[in-house]
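In the two complexes below, chain A is the common chain; its partner is chain B in one and chain C in the other.
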Partner chain A sequence: MSEAASVPAEVGGARANPSLGVLTAEGCIQCNKCTFNCPVHRVDVLFSPRKVILQSYLGGADAVSERDLWACLTCGECQAACPTQVPYPAFIRAQRERLRDEMVRAAPCKHGGLKDVLAQIMAKPGLRQDRRQWIGDGLRVADSGEVIYFTGCMPYLDGVFSYCDSAEIGRAAIRLMNAAGIVPVVANAERCCGHDALWNGKRETFETLARANAEWIRGSGAKRLVTTCAECYSMLKHEYPKAIGPWEGIEVLHMSELIAELVKDGRLTLSKPVDLTVTYQDPCRLGRHSKEYDAPRAVLAAIPGVTFVEMDRVREASMCCGVGAYSNCDAQTKFLQQDRLEEAASKADHLVTACPHCRIHFSCYLDGKPVDALPALKIVDLTVLAAKALG
Partner chain B sequence: MAVVVEHTAFERALAAKGIAHDRGELRGYASDASFLTLGVPSLVAFPKDEAECVALVDLAVRHGTPLVPRGTASSTAGQSVAPPEAILVDMERVGACDRRGHRRDLFAPLVVDAKGDPVDLAKALPEDELYLRAGAGRTSDEANRALRRFRWSVAVTPSSGYSTFGGNFATNARGSGTPAYGAFGESVRRVRIVAASKEGARSLEVADREEVRRIAGHHGLCGLVTELDVRIAPILQAQEMLCAVLMIESADVEALGATVGALMKRVAAACAYYAGEFLFIDGGIVRPDDPVRKDPVLGPYFEVRPGVRRMVLLYRGRTEGMQALPGIAAEFPQVSYREVTFPEFQAMMRVRTAATGKSVARVNVPGCEDFLIRDPALFGRVLVRMFDSLAGAEGRPVGHHYPDGVVVHYRPQARVTRASIEEAWARNLRLRDAVLRPELTVEDRVEHGLGLRLFHDAPPERQEELRRLKASYDPANVFSPHLLDLARAGEFVGRRFTI
Partner chain C sequence: MTFEPRIATFCCNWCGYSAADQAGATKLPYPTGVRIVRLMCTGMMDPFYVLRAFERGFDGVMVIGCHPGSCHYKSGNLQAKEQLGRLAGVLRALGLGEERVLMDAASAPEGARFAMLANDFVERVRQLGPSPLREAAP
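Our next item is the complex of A and B:
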């Protein structure tokens, strides 16, 4: 005690450690609500955001174990529940960035390594891509126009996650836009949005990608930037403006927002009944990170024949799909997914999500060997479901 | 600085029994929400059920090692901090885990009647006396989610919906829920507790109502509570209830408090309310961009004129039990009265609930913030002393109006720096000296107030009762023995901050 008391208050601390500044900007009151709401804590009792924060306040931020640093899903359940809104995911992100070079761990989980490489390739100058191969006949896209469809890494995902047909989401998005008279731009100049790079501590890669994307988007003359991916959405809408300045005259939309708007304005009619009982998974990046809870539900309400049943943990209290930014995927992930899918299966036979990555992570779990038997449950993307209702 | 106590044999025994534990970097367990500390615990155990609690207590008795139980949530008085020689026992998982030991927050409720016989809740009548049988690690938020589909909820909702039932019972918490049912301990019909004998653990079932009430508020001295029967109540529908916001403002705090105290006396005598809350509104109580500021009905409550104190009271109850409220309010011309919808009431309650702990870029520094004023007529005098003590500080008094008195909370707020936190802590102590006086207030068996000061500040009759209970349930003296040590005072963790 006496040793500690003799340490001047100014020594070390937030100025020396900017990650700590993230925590102190909103003071933690140690109420433990974060830990209690943390999905990881449910399966790993030793993992505790509250514990890490107090440890950091006591000068042990850099002693946070690599396990604790990488086990965090950055899903934001902790922050949503926090009475003082301590931005724990931002702290983890800053610590990952700060300690990146000192850590034993070289890459995120297996598939994360692949995405890591993909992002690094896309950050290279002079990259040439054909990003339209997946589109297929009968769908109209353009080289220029008012609406850009930012596809994200979706065209590349099917090479790895073959059980998902992620390109189906893109085709459904274009079908819906075409049906509303929109011919979207799908650009070969598009690069990875940088989501995983940013959340896994590689800010430089993220900023390179953000600059490259901003350059062609700003030069395109488009007014709207639409994406079907919740991760891309959170980057384009919230992180890009911080990194490359505000989007002057360009509006960023998640596809669910566009569909809801088109339906409301009478520009899109969803008339064909889709007789399914569905429930909805709020993706972390669309929900807690972006506060968009209503548009996906409005889309579900607009699809004839759909019976929508909410799960018990929804909106701000929604449970993560188990993987965040591909930084983690282990046995505990599987237990979380089992928990969430049991909840979904108790409500419906189709789980709808508005993020291709939630879809992949849940589908991956179902494609493997679930921890316990689950009733038949299909994971469906919201955009794909909406496109089924086109007459 | 750190006192390290080796618990190698104990740890080996825990590992052999498969009880989750941690002996790694434990600085994060040095404090609870009080920012009080007795040092860094040397070992933390996480039992998942009663069998593991029994094994843990057996080991503790055999090794002569103290155990300090901790629930989850605020524990704002240091009662759940462990000295280095003790083992901190995190009770959050007890009775809340699946067969793999993973905590599951969704569960199917087991409801019993007053005799303990299972009941089909779907067939229950609103007047039935029913209890949820739940593990000590369950919370009212979880329980309410499980009960919601039947339109029932936990009868006494403590301030923190995420606090565990075991912790609510150990602190005898009560909050903004239903004063009609009293404190948490009064809403519990039966508990299972792993107590100690000089030979080892004893699993006890306590079903005698009076005994249950006596051990409520034991602050971890009597054993590890593993299961409780917790009273539940039907959820009122919006059309069945009356929600009202009353407001008064004045530059004269004593007059304001006296008026409100008189009003509260009348309300307590004439109304059956389910929630009675108050808060002082100031500029920092909600963020500048909080939607409540723009709400056409609620927004004006947040426009405070300089130089005056504005107090808002919130009452909610079944309509027939609240019929006298408008008339009572009319007796006090200084008080404005408005009936609001339930969603509007909930919005104000969110402000109220967050008011003790929410301020941009600040932590609150709790420790001695519960003052129970048995006679509301003294409210004005208490408020004067409180505002004098917190002159120049941030934060504001808030609290509950219970039928048996007024509970006032105040937590000084501090920037997250060592100096600022220490200053807030010093203010806390000054506030305690100024307000905690026999002629004004008592700090009683409520959730936030005592903790490490249990035996300094509890009334003598309660001290005596706790000592008797301790001797009965824990003759081996393994549960939180440091709380009985009058000479032992907690340090303040803020002194160790390196920020």
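Our next item is the complex of A and C:
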């Protein structure tokens, strides 16, 4: 996410959080491009990013519509389209932090409660996890080493979301790393990355989690931190250094970046043909928030047999999967998902994504037997697809 | 100080809660740590209610609904069973263990059964010890 220099201390009469350093909403030139690029606006004409900013300047909780503040997907399409680069998602996040306690949210997303309580539990000092049960036989993991595989909430999502085998992503990641001679560390000391807490305005919880994670990661002596989740990646790479200081000698990598690197260096050979026609969903946290568009495409190009077809709205203009940080899911979300999945189904029979949450949200929609039935479209994780090509 | 387990108990309006009422009316003793929340039906049990109870420092969670086949809303109790089943892996990963959660049934006149379930479950949790997430004695 681009950083802007000027920081107004006061927004709408309340002190903004200076650590965000991105509140430059006064750069808005009222062109309304944000609104016409906003996915939420497409299904709800009364929602407008620009309107929320204006409301925020006018006053506090009574001026900002509670519904608008939580309807934002924080996907960043508005910022990508904005001529003056108003950091709209960061602005929304700051407003959520500021107004959270004054607002009573009528109906959070169905699974938002689960994700929220998991983060709260993992922020507790007494926690003693046993988070490696999903690994299974034949895969090698270590207690210490150069490379940490940060699994995030993946072990917890498995089983809860019955329509998605979330742990297969983890197993695929370990298989790929093992094939390249890497024995990754999977630690019981690991805690939630804090993504949903931060984006839902619970900065304190996020910072507690960040400190707990940083302590064991720094103490482990590892050099690289690999994750299969776009959300964990954006937190570890961009938000942790802001909250707890620079990593100093630890490199944060998304699994797609690691695979692309290993294939390029010849340390990993993807030899078994996977005869599929696929298209790729840019996850917002990996794409617009982290500007990583090429590594996942490089991985797809490296898998033999795969025919890769781009959708029309890709990279900066990629459409959101419909849910951001589990703070919103309603009828409008379903319209967005139907729209995006139709686009994907018109290009390929497999939709590949590099974020387990995009996968869950899209799979949820397909599992719910949509009214306008889609052709047999399957949602696949990039890491799982790459592991299929292992000989 | 002896450990007195605190149990978040979710009872459905039609069976579990009436059974608890019956236990009280007939003066059947059960531990004071059993705190009851009334729901219209156990079918509305979201898995996160269970986790929220642990987050707030409870040592165990008990869900008491209708017997299979006699749910007031036909199948809410079966849905609750399915929903809670999904938590097994989560509870193990969090280091809490599945034993701290119980789903059972007691029909409206079964006050004695409710008291028995409560006594047995509290005893089980007592053996397991305080929840690791419990920060301080309440």
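Simple rule for what comes next: the second predicted complex is superposed on the first by the 352 of 391 C-alpha atoms of A that agree within 3 Å, B and C clash if a C-alpha of one lies under 4 Å from a C-alpha of the other, contacts with A are read in each partner's own complex, and residues count from 1 in each chain.
In this section, contacts are C-beta pairs under 8 Å (C-beta built on N, C-alpha and C of every residue); 3 or more make two chains touch, one makes a residue touch a chain.
This structure is a prediction, so every number in the text was calculated from the model and none was measured.
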Checklist entry - Should A:Met103 be classified as contacting the first partner (chain B), the second (chain C), both, or neither? => result neither
Checklist entry - Which holds for A:Val45: it touches chain B only (first), chain C only (second), both, or neither? => result first
Next on the checklist: After the superposition on A, what does A:Leu118 contact: first (chain B), second (chain C), both or neither?
Outcome noted: second
Checklist entry - When both complexes are superposed, which of chain B and chain C contacts more residues belonging to chain A? => result B
Next on the checklist: After the superposition on A, what does A:Ala301 contact: first (chain B), second (chain C), both or neither?
Outcome noted: neither
Checklist entry - For A:Val309, is the partner it touches chain B (first), chain C (second), both, or none of the two (neither)? => result neither
Checklist entry - What is the contact status of A:Ala25 with respect to chain B (first) and chain C (second): first, second, both, or neither? => result first
Item to check | List of chain C residues in touch with chain A within their complex | outcome: 46-48, 51-52, 54-55, 86-90, 92-95, 132-135
Item to check | Touching residues (chain side chain A, partner chain B) in the complex | outcome: 1-5, 7, 9, 11-14, 20, 23-33, 35-37, 41-43, 45-46, 48, 50-55, 57-60, 63-65, 81, 83-84, 312-313, 335, 339, 343
Checklist entry - In their shared complex, at which residues does chain B touch chain A? => result 1, 20, 22, 24-25, 27-33, 35, 46, 72-74, 90, 92-93, 100, 102-106, 139, 145, 160, 162, 353-354, 357-364, 366, 414-419, 491, 493, 495-499
Checklist outcome for this item: The residues of chain A that touch chain C in their complex are 110, 113-114, 116-118, 120-121, 124-131, 133-134, 155-156, 158-160, 162
